[in-house]
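Quick heads-up: structures coming right below.
Look at the two complexes coming up: chain A is in both, with chain B in one and chain C in the other.
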Partner chain A sequence: MTTYSTVNSRAPRLDAPDKATGSAVYIDDIRLPGMLFGAMLHSPLAHAKILNIDTRGAKRLSGVKSVVTYEDTGLIKYGVSPARYDELLFCDGKVRYVGDEVAAVAAVDLETAVEALSLINVEYEELPAVLTMEEALAEGAPLVHDEYQRNIGAEVHHEFGDVESALAQCDLVRTDTFRSKRQDAAFIEPQGCIADYDGRGYLTLRSSTQTPHYVQRTIAMVLGLPIGKVRVVKPYVGGGFGPKAAANAMEMAACLMSMKTGKPVKMGFTREEVFLHSRARHQFVHTLTTGVKKDGTIVALKNECYLEGGAYTSFGIATIYYAGSLLGGPYRLQNMKYDGYRVYTNKPACGAQRGHGGVIARAAWEQQLDRIAEEIGMDPVELRLKNMMEAGDVSCNELKMNSLGMRECIEAVRDGSGWKEKKGRLPKGKGIGMACGFFVSGAGFPIYRSDTYHATVSIHVSEDGGTVHVYTASAEIGQGSDTAFAMIAAETIGIPLDSVMISSGDTEFGIDLGAYSSRQTLMTGHATKEAAVDVRNQILAVMARELKVDISELDIKDGLIVFKHGGVDFSRLRARYIREHRGWQGIARGNDPLTFQEAARIAYLARGTIIGRGKYKPAELGGSHKGAAVGTSPAYGCSAQVVEVSVDMETGRITVEKMTDAHDCGFAINRTSVEGQMQGSLSMGLGEALYEEVKFDEKGRILNPNLGEYKIPTSLDMPNVNPIIVESHEPYGPFGAKEVGEGAIMPTIPAILNAVYDATGIRFQELPLTPERVFMALRAKKQKP
Partner chain B sequence: MLLPKFEFHEPETLKEAAAILSGIGEPTSILAGGTDLLVNMKKGKASPRHLVSLGRVRELKKTARDGESLRIGACVTVAELREEREIKDDFDGLFRGAGLLGSPLIRNLATVGGNIVTARPAADLPPPLIAYGATIELVKDNGERILSLEDFIKGPGETSIEPGEILSGIILREPPLYSGGGYVKLGMRKALEISLVNVATFFALDGPSGPIQKARVVLGSVGPTPIRSLRAEEILTGERPDEALFEKAGEAAANDAKPIDDFRASAEYRSEMVKLLTRKALKQAYEEAKLREWRRWK
Partner chain C sequence: MKTMINLTVNGTKHEAAVEPNRTLVDFLRYDLELTGTKKGCDMGECGSCTVILNGKPVNSCLVLAVQANGSEIMTIEGLKTAEGLHPLQKAFVEKGAIQCGFCSPGMILAANNLLQKTPTPTEEEIRTALSGNLCRCTGYQKIIEAVMSVDKQDIP
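So, the complex of A and B:
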């Protein structure tokens, strides 16, 4: 077994000192000289024609430096996927939801900017709005976008195998419909940015974003700048979970107003604006039909899905594909049919959120599988063990499992939770449930069609030797990616972690598609490893030449040069190094082993600055059908979870008592961070299962746009979690690593649903399981004869 | 989220505070913990021209015994209230209410007086305070008055406080022998909750095992103000406390509740929960009565 010095440990996070002492710099902490403050004017109506915008009053207000509307921007449409660019920076003809962007102001201070907004006079002609999917799909309903009939903005139809004839041969066929609610990602830091357009025509945007690269491209496209003149820098970011994975109108408005004024412009969302901008989880309605043999073999799955999308597409094209393509796994089934429809409504646009597209499909199906297990008299654990895929399997929609620790995950939670002793033996009001999950480890393709590398990394070795500096454009947003990449670099080069410095989140540092689709550890990790190997090889090549030994005789370990068979005289190199450091203390002397520091200095003297370069893009991935690009990934993570709940049979209130979670992350670069992602995923899943719903009034206004009324779990609501790391050693991952950031959320909701059934005998087909919903169901059950 | 502009006053005595208040002719708010007021000001729901902070008025931050009464200064924080021995020993319903208000961070700032004058229908302290028969002191530049808390709260955000008046203290009489109180709150999660329903109870028994001589049942979050359920109280009075009686009282309480449908819960659910929570809170009161009696003999 390989032993590691750094990876697979519980190294403290590199950002821990900054964050623990409050010195970490976020957007809100940054002030630039001469900076202006911007604010955005949002539509107060869900659907209306704009008849006139009068900005004269705002422009006259003292202290106002810029007022912009669609007249200042041109009409370049943007979005996330080029297949559906349907947004304008500012609305021209009409507004499509309460919150749609109409104008922006920059002024000497925020008070003035906000006052100026109140002086912009917009004349609207209100139009009938569609606020639910049912309204939007109705015959003759008003159209959110004229070009999309029945408000269907995107649809997907896939069939693998022959579902109808497969279902005809099944012993049991079940159909169930499941309905979730619109979510907010509820990250702790609202989006904010500072745009700074300099005298030479270069634009720097500092932004709280997950994807500097996509923001850079979108801004360049919309504002008509060369990509090379747009730099996007991400300071510390307080969480993203999806909604920060694309450029937003505020960023573009700040850039535009900085270009117009020549001054830096700072803007930030209020919490209410976070809800208005949304781009979080859609509402999903899934109707699933599953057919099995009486021995539990899953034969066919039919999946029909409607997504309530809001007024724009955002990530929605990817969402609707994911809601179908990821469902079959982690099980082996030969027949799968999917029909998905994304519906426009006059509400804030939905997009991506942790477990993108797959979370509700998973919840619906894993609950249905539980029902099926009961009906055929099989333990739910056994049903899953019987059907799961293994390494080497290819799903019917051509997803290839190069590694898959599904069995290990299921067995770990079964044994770690006491499943066998508890299942079916808990008193009324207490329940235990299990479910599995499955997710990509990085999108196989960029969001725009391209042959680009997904990540490039460079590692600069300091010229005096000893320390290295990793440069990556990837996005540390709180998940611990900087620490992971520093650990990969340290391990690969053979030096201690404290000799590695990392700078990230800046488009000047290379290409990186950013923090979404659980891609960075695998993809940026690969590029980091390749760059580190390059550094190591360059330095060892110089050593081999200088010492006249074969390079294969040399190694670097724990910051020291290792001669595999000893007997190498390096005194000449040492003398040279010491000569360059006359008067210095604490450097290696005499017979001390040769250090990486000395070797790196000698290499610099021989070759100039040592820079290692790494890059990554996935190899050719399977799938030739339309839409195969969404769901294919170089690797797949999987997970299993057992949840125990108590249900207060009088109030309907559910308490989650215990969660046992196993996740196959391939290989844990940092064990503590992997467990942190598991804990965070479980918390988000628990909130979605029990509490969370963005609610609207009859005019399309959000009723709970704050974290007092939109209820995410508090620390008191989180039970003790037993996180179990499973390592299946993914052949295509750096050191065998693959995802954990999103896949871990997959089993949580269905495991809770299955546990609640065990406690109450009731199957819930609608989220969230609020006390009221549970109470009403309990009462109805009691009243039934 | 910016605060609107305002004049800030920071008196050091109650007298000084009352004088400042009487001298200002413009819309004024009194700042105590600020957990409600500052949020509303940032949202633009309140825009007073003047803020009179009571933060430095030390006499408002004390809890003191006065014969048979306990006087709680209006600016005692909710966290401090929970630290008072008398509250722990003799006012369990209030102690529970204080423990369920907001979160530890909010309880460290929010004051008892603030939770009363804001008059939120779902507030956690008024129901138990009313159940214990609390009276309040209102002070102004040229005098003071005392009135029952029950009569003070008029509607959502509305009280009978007059311009220039400051709520200075809350007075609780020591509960009689053989009495106890309870408070049950229902929300979705375990902290940072606005009650879907809350119920506070208090009753005094004739002797160690009854009958009930006097009872108060107060329902929160099911009407514009905390509601005394006179029907429940009537059912309880004169009867021996037991499960069956509590259940009957719960049914009666639901008839006095005036819940509405809103985005947090339906009226129907709230009404059902009034029944249940009343029963539970009465059970708590009975347990406390027994516990206090036991403690007396120990």
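So, the complex of A and C:
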């Protein structure tokens, strides 16, 4: 077994001390000289024609420096997927949801900017709106976008194998419909940004984003600037979970107004604006038909899905594909048919959220598998063990499992939770349930079609040899990526973690597609490792030449140069180093082993600044069908979970008492961080299962755009989790690592659903399981004869 | 019309003229530049703006600066000691209780307030004391573990 010095440990995060003392800088903590403050004017109507916009009053207000509307922008459409660019920075002809962006103002302070908004006169002609999928799909319904009939903005039809004839040969076929609700990611830091356009025509945008690279491209495209003149810098970010992964109108408005005024412009979302503009989880309605053999073999799956997308597409093209493709694993399934429809409505747009597209599909299916297990008289754990994939398997939709610790995960939660003793033996009102999960470890393709590298990293060795500095454009948003990359660099070079500096989140540092699709540890990790190997090779090559030994004789370990067979005289190098450091304390002398610091200094003297370079792009991935790009990944993570609940049979209140979770992350670069991702994912899943729903009134206004009425789990709601790390050593991951950040949420909702059934005998086909919903179901059950 | 206020923040006396609608969180963040206090909702619902006002944790977005006239306030910037991190901060760092860190200042101040009153709290007491501080990243477990791990002997 390989022994490691740094990776696989529980090293404290590098950013934690600054975050603990309040000195870590987030976007709203930044103030630039001469900075203006911006605010956005939103549509008050869900669907209306704009007849006229009169900004004269706002422009006259003292302190106002810029007022912009669609007339100040080119009418360049943007979005996330180039296949569906359907947004304008400001609405031109019509508004499509309550909150749609109509104008923006920059002023000397925020109060003035907000006052100016009230002086902008917009004349609207109200149009009939569609607020639900049913309304939107109805014959003759008003169209949100004229080009999309029946308001279907995107549809996907896939079939692998032959589902109908496979179903005909099954012993049991079940069809169930499952319905979720629109959700909000509810990160604690609202988005903010500061745009700063300088006298030479360079634009710097500081933004609380997950994806500096995509923001840079979108801004350059919409504002007509060369990419090289747009720099996006991400300060510390207070959580993202998906919605911070796309450029937003606020960022573009701030840039535009900074270009117009020559001054920095700061803007930020209020909590209500987070609900309006942070494109989070869609509403999904899945109808699943699954066919199995008597012995539990899963034979075929038919999946029909409608997604309520709101007024724009955002990430929706990827979402709709994921809602189908992610059910290709982790079970062996030869026949799968998918029909997905994304429906426009006059509501805020939806996008990506942790477990993108797959969470509700997974919830629906894992609950259905539980029903099937019961009907054929099989233990749900056995059903899953019987069908799970193993390393080497390829799914019917061509997802290739190079590693997959599904068995280890299932067995770990079965044994770790006391499943065998508890299943079917708990008193009424108490229940236990299990489910599995599956997710990509990085999107195999960039969002725009390109052969671009997905990550480039450079590592600069300081000229004194003491520190190495990792530069990456990747996005630390709270998940711990900076620490993971510093650990990878330290381990690979062979130096202690405290001699590694890392700077990230800046488009000047290279290319990185950012923090989405659980890609960074695998992809940026790879690039970091390659750059670190380059550093190491460069330094050792100089050492080999200087010391006249073969490079294979040399190694670096714990900050020291190791001579595999000893007996190398390096006194000349040491003397050179000491000569440069007369009067210095704490440097190696005499017979002390040769240090990395000395070696790196000597290497600098020989070659100039030592810079290691690394890059990553996935190898050719399988999948030739249309849409294969969504779901294919260099690697797949998987997980299993057992949840215990108690249900108050009088009030319907559910308490989650215990969660046992096993996740195959390939290899834990940082064990504490992996557990943190598991626990955080489970907490989000618990909230989605039990409480979370963005609600609207009949005018399309959000009823609960705040963290009081949109309830997320508190410390009293979230139980302790027993987190079990499974390491299957992914051959295509750095040190064997793959994802944990999103896949871990997958089993939570269905495990809760299955546990609630065990406790109450009721199957819930609609989320969230609020006390009211559970109470009504309990009452209905009691009344049934 | 601005009003003069006097208050002590982290042991330093401040005199300032503030608008009557200036909230304490904005006063601390934007006027005193103590940006360690975070603002996640501005509506008293997330706890990220928690500061200690006359010995009690409050959501500083719900307090007007003028209401804090004459009071003693501690923010996260006041917790670090001359020896470095406060034991609670150290515990948060070591136990992995910090991810994005946006809830951390408020969380740490609320936890510290609990430890002042209840030096060896039970898990239930910690969960109750922190229930007004939302965290979307951690699932709370490592935060609870961090608070549990602090040795009361070490608290200054």
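The rule we apply is simple: the second predicted complex is superposed on the first by the 785 of 785 C-alpha atoms of A that agree within 3 Å, B and C clash if a C-alpha of one lies under 4 Å from a C-alpha of the other, contacts with A are read in each partner's own complex, and residues count from 1 in each chain.
Just so it is clear, a contact is a pair of C-beta atoms (placed from the backbone, for glycine too) under 8 Å apart; a residue touches a chain by one contact, two chains touch by 3 or more.
Keep in mind that this is a model prediction, so the values were computed, not measured.
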Once the shared chain is lined up, is A:Ser66 touching chain B (first), chain C (second), both, or neither of them?
-> neither
Is A:Leu716 contacted by the first partner chain B, the second partner chain C, both or neither?
-> both
With the two structures laid over each other on chain A, which partner does A:Tyr236 touch: chain B (first), chain C (second), both, or neither?
-> second
Based on the superposed arrangement, let me know which partner A:Asp15 touches: chain B (first), chain C (second), both, or neither?
-> second
Touching partner for A:Leu703 - first (chain B), second (chain C), both, neither = first
Pick one for A:Asp29: touches chain B only (first), chain C only (second), both, or neither.
-> second
Chain B versus chain C as contact partner of A:Thr313, first or second or both or neither | neither
Counting residues of chain A in contact, which comes out ahead: chain B or chain C?
-> C
Identify the partner contact of A:Gln597: answer first if only chain B is touched, second if only chain C is, both if each is, neither if none is.
-> neither
Would you check which partner chain A:Leu690 touches, where first means chain B only, second means chain C only, and both and neither mean what they say?
-> first
Doubly contacted residues of chain A, that is, touched by chain B and again by chain C | 270-271, 708, 713-714, 716
Which positions of chain A touch chain B when the two form their complex?
-> 110-111, 114, 270-271, 650-651, 653, 690-691, 695, 703-704, 708-709, 711, 713-714, 716-717, 770-772, 775-776, 779
Complex contacts: residues of chain A adjacent to chain C = 10, 12-13, 15-26, 28-29, 31, 185-190, 236-239, 241, 270-271, 477-480, 672-673, 675-676, 679-684, 706-708, 712-716, 718, 720-721
Which bits of chain C are touching chain A when the two form their complex?
-> 29-30, 33-46, 48, 75-77, 79-80, 85, 89-90, 92-96, 98-105, 108, 126-128, 130-144
Where on chain B does chain A make contact in their complex?
-> 1-2, 103, 186, 188-192, 194, 196, 263-266, 269, 272-273, 276
